[in-house]
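Look for chain A in each of the two complexes below; its partner is chain B in the first and chain C in the second.
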Partner chain A sequence: MNDIGEFTLLVALATALYGCVAYVMSARGNRIDLYLSADKTPFIVWACIAISSICLWKAFLTDDFSLQYVWAYSNRELDTFYKVSSFWGGQKGSLLFWTLLLSTYMLVVYFQNRSKNLRVVPYAMAIMLAILVFFLFLINFSTNPFERIPLPPEDGRGLNPLLQNYWMVIHPPTLYLGYVGFTVPFAFAVAALISKNLDDGWIRMTRKWTLISWFFLCMGNLFGASWAYVELGWGGYWAWDPVENAAFMPLLIATAFLHSVMIQEKKDMMKVWNMSLILLTFAMTIFGTFITRSGLIQSVHTFDEATLGYYFLAFLFVIIVACVALIILRLPLLKSANELDSFLSRESSFLFNNLVLLGIAFATFWGTIFPIISEAVRGVKITVGPPFYNQVNVPIGLALLALIGIGPVIAWRRATLSNLKKNFLKPLIAAIVAAVVLYPFIPLGSRTEIYTYTTFVLCVFVLASIGTEFYKGTVSRMGLHEESVVGALATVTWRNKRRYGGYIVHIGVVLIFAGIAGSQAYGTHTEKHLQPGESFEIRGYTIKYEKLIAVEATNIKTRIIAQLAVERDGRRYWTGHPEKEFYKGQNQPVSEVDVLSTWKEDLYMILADFREDESATIKVYVNPMVSWMWTGGWIIAFGTMISMWPDRLEQRRRLDRVRKQEQLFPAPAQE
Partner chain B sequence: MGFIHFLELILVIAILLVVGIPLFGKLKLKKLVDPVDPAVDEYKHLLVRKEETLISIKELEFDFNTGKISEPDYNELRHKLEMEAAEIMEQLDRLEQERKKNKPQKTH
Partner chain C sequence: MKQKKVRFLVGSLLIVGAIGYLITMGISNTSQYFFTVDELMSQKVSFAGTGLKVKGKVVNGSIQRDPNDYLDVKFFIEENSASLKVAYQGVTPDMFIDGGEVVVEGTLGKDGIFHANTLLTSCPSKYEAEKEAGKMHPGTLPQADKYQKPGLNKAEVLPKTTI
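Coming up: the complex of A and B.
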């Protein structure tokens, strides 16, 4: 099987290379024979990569330690669940997994568009294949997952215990689905530039891909935060680690893109801007991969054998130079047909939102690369930590939050001051009431506390603004049709999926802002060394250390569990079981925290240390409002689902356009 | 030759056949796409613009019904959008007329 896996990777590379060249030649030479020949390659490439992936999965599941990669990331005792996820536990497998996802996306694009636009699609397919060629080249010649060990050992080294967590099974694929997904709009954008089809056709063709990729990237970031929270055992969920930043930056730029494409669709303007944003988003996904695999930056996320940095840097350089050159070449065709009707309009609020998002992305980028530049120029490695990011990004983030509330209230095209006053009245009253109500309860002694207070007030403002939108829409619907409140609300949402789906996503974002503010400002923690039976208090909880339990979980894993009784108002409220896990062959034990999560706060417990006399060091954090963030994530998922749900009216309009075009110009319509 | 190598050989031959067959037919004489007709592109673009303008009118109505814009603004913007839509439709009509005029007549 390993031979087949290795061979199919080579065949995939050769086929992708041929497909890329043949697609370009078919488009340039207007040759249908070459096109039909090239058109077979996406499926062949996908099939070869899928076979190769199945071979690697089989090697993991059958403990085939003749493969160096399986030996390094698995062992006989590893749970089957984690044997499956070990596939992407290291650099070699993660690149193969990336390639598998990219080829799968390409296959879907191929089936969706193969007969739709023969002037753009061949170039888009060629670009996706070219990106695949890069990855397949690395896999075949630099980081082959099928590399053998001449004398296979009896057992493997095992998967890093930190990765043996369910979030780690979900988080990388979700993030990769987002990262890889942006290849599709990027490929269509570049194809539009090459083929000079620079209307908004490429945006329409890839609108859903952009939304899906954005969604996965967003959830990938949140799942990563969840993993850090429950697995790394330091009480937090986000540390502005370079690799976290690398996943965060494309999300910010993609969010800017998602908003600004609406202006291009509506007003046929901002073409250069949108092109630049999608190219930048894709470049950032490759930059993220460079960060993870360069070995230049120390992070919990970087791979042990990070040796591919310079390949990615070269690839990034080629992409940026080629794309910038293409945009400059096509500038005359990218001129806007229209102008903004007014600076007081939703369009301009979207522009501000773009600038703010790019501001955060730039600050994050600068903080991420500064240590690399500093080391290269001065030979001194400087660490840029959370204080820098918080100082720069928090005020810009607050401006973004305010814009989320302002956007829905302003009308498209033009708003007047009198209308703004009227529309802002209710959200502003709600914000003022919130400011007054919260004032006695929230200390305002430090900058962090002032920021937190402002965040809460702005959250209320945004929620009121979105709530007003739902209310007005429902009332308007009820005025025109005889419908119940629920019926009118459902209909108005369903008939305007993009608008109201977007509002629901914004509600999720507000909850995330509130969760971050609450947990960052009002958290507390303490650490105590206790004998069994001793207790201590924290924020109204009495934590009593009862006993230490040792469990031989498997042949290679021993668990030491501390039993902690949590009492509140004199009554036993909960029993916590934080633990340390010892893995054979691993020097460091792994902490498994225990968390009592409520809407109000999380009680987060860590067994920091223990001694032979059964005394233990217990660390307890009280983190307010953390669950708001996870709830916000699910609300974002719900809102995105509504936004993406196929719109029959839109489909009908598209078919109508195609029909009209075919009536007048009998050749098959090019969308 | 082992079984695995035999399988590999079969795979390569199959791929070469699948990819190669279109290159050896009579398809060379056919074009992938017709030469770019600026009228088609313009027509396609105008259809999209017409659709977007009509959607904008609908959204403007919605914004007016929900009290987001005042009546004078609504009237002015609606008028502007209607003018835009009329202009687009005029251009579409012109293109349709031109196309019908230039269409080769069927001979009986």
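Coming up: the complex of A and C.
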């Protein structure tokens, strides 16, 4: 079985290499025979990788410790659930998993676009195959997951307990689905450049792909945040760690891309800009992989094998040079047909939104690589931490928040004074009312407090401006048809999925902003060493340490649980059970926190330490509004679903377009 | 036409400039020097009083906890035979053990003691296969030495109420 897995990987590499060359040659030389042959490769490559992955999974499930990788990340007692997820628990498997996802995406693209647009698709397939070749090369020759141990040990080393959490099963695949997904729009963009089909065809063909990848990346970031929150036990959800940044930067740039392509579709402008953005998004995903796997930057997530990073660096370099050269070469064809009319217009609000998003991405990038730069330039390593990111990104983020409110209601082309008044009066009044109402309740002493206050006011402004959009649509629908309010609202949304879906996503983003502001500004925490029966107060809660309980949960896991009574206004309100878990074969315990989550605040408890006399150190955080962020995440998911939902009208338009294109470029005769 | 372009250019430059300003200010206000213990010791200039980040390994058996205040910890970190005394107030992470690699943030006092306000441990085993396979950290002690499980209150398995 392991031999099969190893062998199919080699076959996949050879086939991908052949397919890549054959696709390019068939497209350049107009050779149908080669095209027909090349067109079989995506499926073969996918099948080989899938077989190989199944082999690895089987090795995990059957406890085949003759594989070094299985030995390192599993043992006999491991839950089946985690045996499956151990697949991507380490470097080697995660690369194979990446390849599996990429080839699956490629297969879907292949079936979606077969015999469609034969100018662009072969190049796009060739580019995806080329990227696969890179990964397959690494897997085959540098980090082979099928590496053997000559004398198989009896038992494996086991999975790190920190990774034995259900988020571990959800978070990395989600993030990878996002990371890998951007390969598709990137491949189509480059294919469009090579084949000189530089209308917005590639954008429309890959719109769904971009959205799906964006969605997964966004969810992956949020899942990562909640994983850190419930698992790592430090009371926070985001630490501006290099690896977190690596996932955050592509998300920002992809967000900019999602917005600016609308300008290209509507106005035929910003072609070079969009090309650069998708290139940058893809480059950022590779850069992120480089950071994670090079160990160059101090991070909590690092992989061990340092050499691998440089392959990614080289790959990144090749991609950037090739793409920049291509864009420069095609510059004459990328001329915009229109130009911006006015400062006060929807178009320019998109432009500013792009600049602001890129600004946050750049600040994050700069902070991440600053230690390397300072070491190279000045010879000393200088690091920046969360204070830097907060100081820089918070003001830029506030500007972004304001733009979310302005963008949807400002007029296209040129906003006149009268339509400014018409569109902005209500949101502005709402914001002013919010500012006045909130003023007595919010302290405004420090800079953080002023930022928080501003955030809340802006959130109200944005919600009001989105609300008026929904209101306007609903009312005009009700005027034309006899429908109830809810019915009209639903119809309006359903008829314009893309637009209103986007607004719903914006509502989610606003909630996330509010959640971050609230939890960052008004959180508090305390830690106490207590004897059983002792208690302390925090934010109106009285927390009483009752007892310590030891439980032999399974034969590999022992749980030490502290029982804490939470009282409020003199009556028992909740009982918290933070604990520490000890796993056999692991030299460190894992803290399991306990959280009481309400929409107002989270009460977050950690058993930090305990001693033989049953005294324990308890750390308690009060984190306001954290649940707003998770709610915002679900709303984003809902909004993205709506805007992604297949649209009949759009499909019809697309079919027309394809037909027109086929008349222009008749497809080569097929068998 | 041309004037409009200039205006957009100026507008964009203003935004870019503002962001650039924020970044520069952010760097100069919040950056910290990052040294390993031996690098810090070999510096000619004194860094007493400035914010620093120092990385090293916890010296075996050097962790001292104040018997009256459990949250008060003192320990030594070392790197390439240079060592540094660190004082820290607070809960220590799970992976803070003898021989473990730590990063401390704080200031170096005139007395040569490093007063840390953050203590970070790098995840030793998260993805690292090779390191643990053959060579354990020299000072890694077996689990039971640090945590004695209390033999009391053996109770039934509690339902976990994490939300």
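The rule is simple: the second predicted complex is superposed on the first by the 647 of 671 C-alpha atoms of A that agree within 3 Å, B and C clash if a C-alpha of one lies under 4 Å from a C-alpha of the other, contacts with A are read in each partner's own complex, and residues count from 1 in each chain.
Here, contacts are C-beta pairs under 8 Å (C-beta built on N, C-alpha and C of every residue); 3 or more make two chains touch, one makes a residue touch a chain.
No experiment lies behind these values; they were computed from the predicted model shown.
**Q** After the alignment on chain A, I want to confirm one thing: do chain B and chain C clash, or do they fit together?
**A** Fit - chain B and chain C, as placed by superposing on chain A, sit side by side.
**Q** Now for A:Arg447: first (chain B), second (chain C), both, or neither, which partner does it touch?
**A** neither
**Q** Look at A:Arg652 in the shared chain and tell me whether it touches chain B only, chain C only, both, or neither; answer first, second, both or neither.
**A** neither
**Q** Scan A:Leu340 for contacts with chain B and chain C and give back first, second, both or neither.
**A** It touches chain C, and chain B stays clear.
**Q** Looking at the overlay, what does A:Arg572 touch: chain B (first), chain C (second), both, or neither?
**A** neither
**Q** Of the two partners chain B and chain C, which one touches more residues belonging to chain A?
**A** C
**Q** With the C-alpha centre of chain A at the apex, what angle separates the C-alpha centres of chain B and chain C, reported to the nearest 10°?
**A** So the C-alpha centres give an angle of 150 degrees.
**Q** Of the two partner chains, chain B (first) and chain C (second), which one does A:His481 touch, if any: first, second, both, or neither?
**A** It touches nothing on chain B or chain C.
**Q** Once the structures are superposed on A, label A:Lys421 by its partner contacts, choosing first (chain B), second (chain C), both or neither.
**A** neither
**Q** Considering only C-alpha atoms, give the closest distance between chain B and chain C in the superposition, rounded to the nearest Å.
**A** Minimum C-alpha separation, chain B to chain C: 18 Å.
**Q** Once the two structures are superposed, pull the chain A residues common to the chain B and chain C interfaces.
**A** Common to the two interfaces on chain A: residues 341.
**Q** Give every residue of chain C touching chain A within the complex, in rising order.
**A** Going through chain C, the ones touching chain A are 1, 4-5, 7-8, 11-12, 15-16, 19, 22-23, 25-27, 29-35, 53, 55, 69-71, 90-92, 94-95, 97, 103, 105, 120, 122-123, 125-133, 140-143, 147-158, 160-163.
**Q** Would you tell me which residues of chain A are touching chain B in their complex?
**A** Touch list, chain A to chain B: 3-4, 7-8, 11, 15, 18, 26-27, 30-37, 40-41, 44, 118-119, 122, 199-201, 204, 265-266, 268, 341, 409-416, 418-419, 422-423, 469, 472-473, 475-476, 479-480, 496, 653, 657, 660-661, 664-665, 667, 669-671.
**Q** Where on chain A does chain C make contact in their complex?
**A** 68-69, 72-73, 89-91, 157, 160, 162-163, 230, 233, 298, 300-305, 339-343, 348, 351-352, 355-356, 359, 362-363, 366-367, 370-371, 374, 380-385, 387-389, 391-392, 395-396, 527, 529, 547-553, 558, 560-561, 575-577, 580, 582, 586-597, 606, 608-612, 614-615, 617, 619
**Q** In their shared complex, at which residues does chain B touch chain A?
**A** 4, 7-8, 11-12, 15, 18-23, 25, 27-28, 30-34, 36-37, 39-41, 43-45, 47-49, 51-52, 55-56, 59-60, 62-63, 65-70, 73, 77, 80, 95-96, 99
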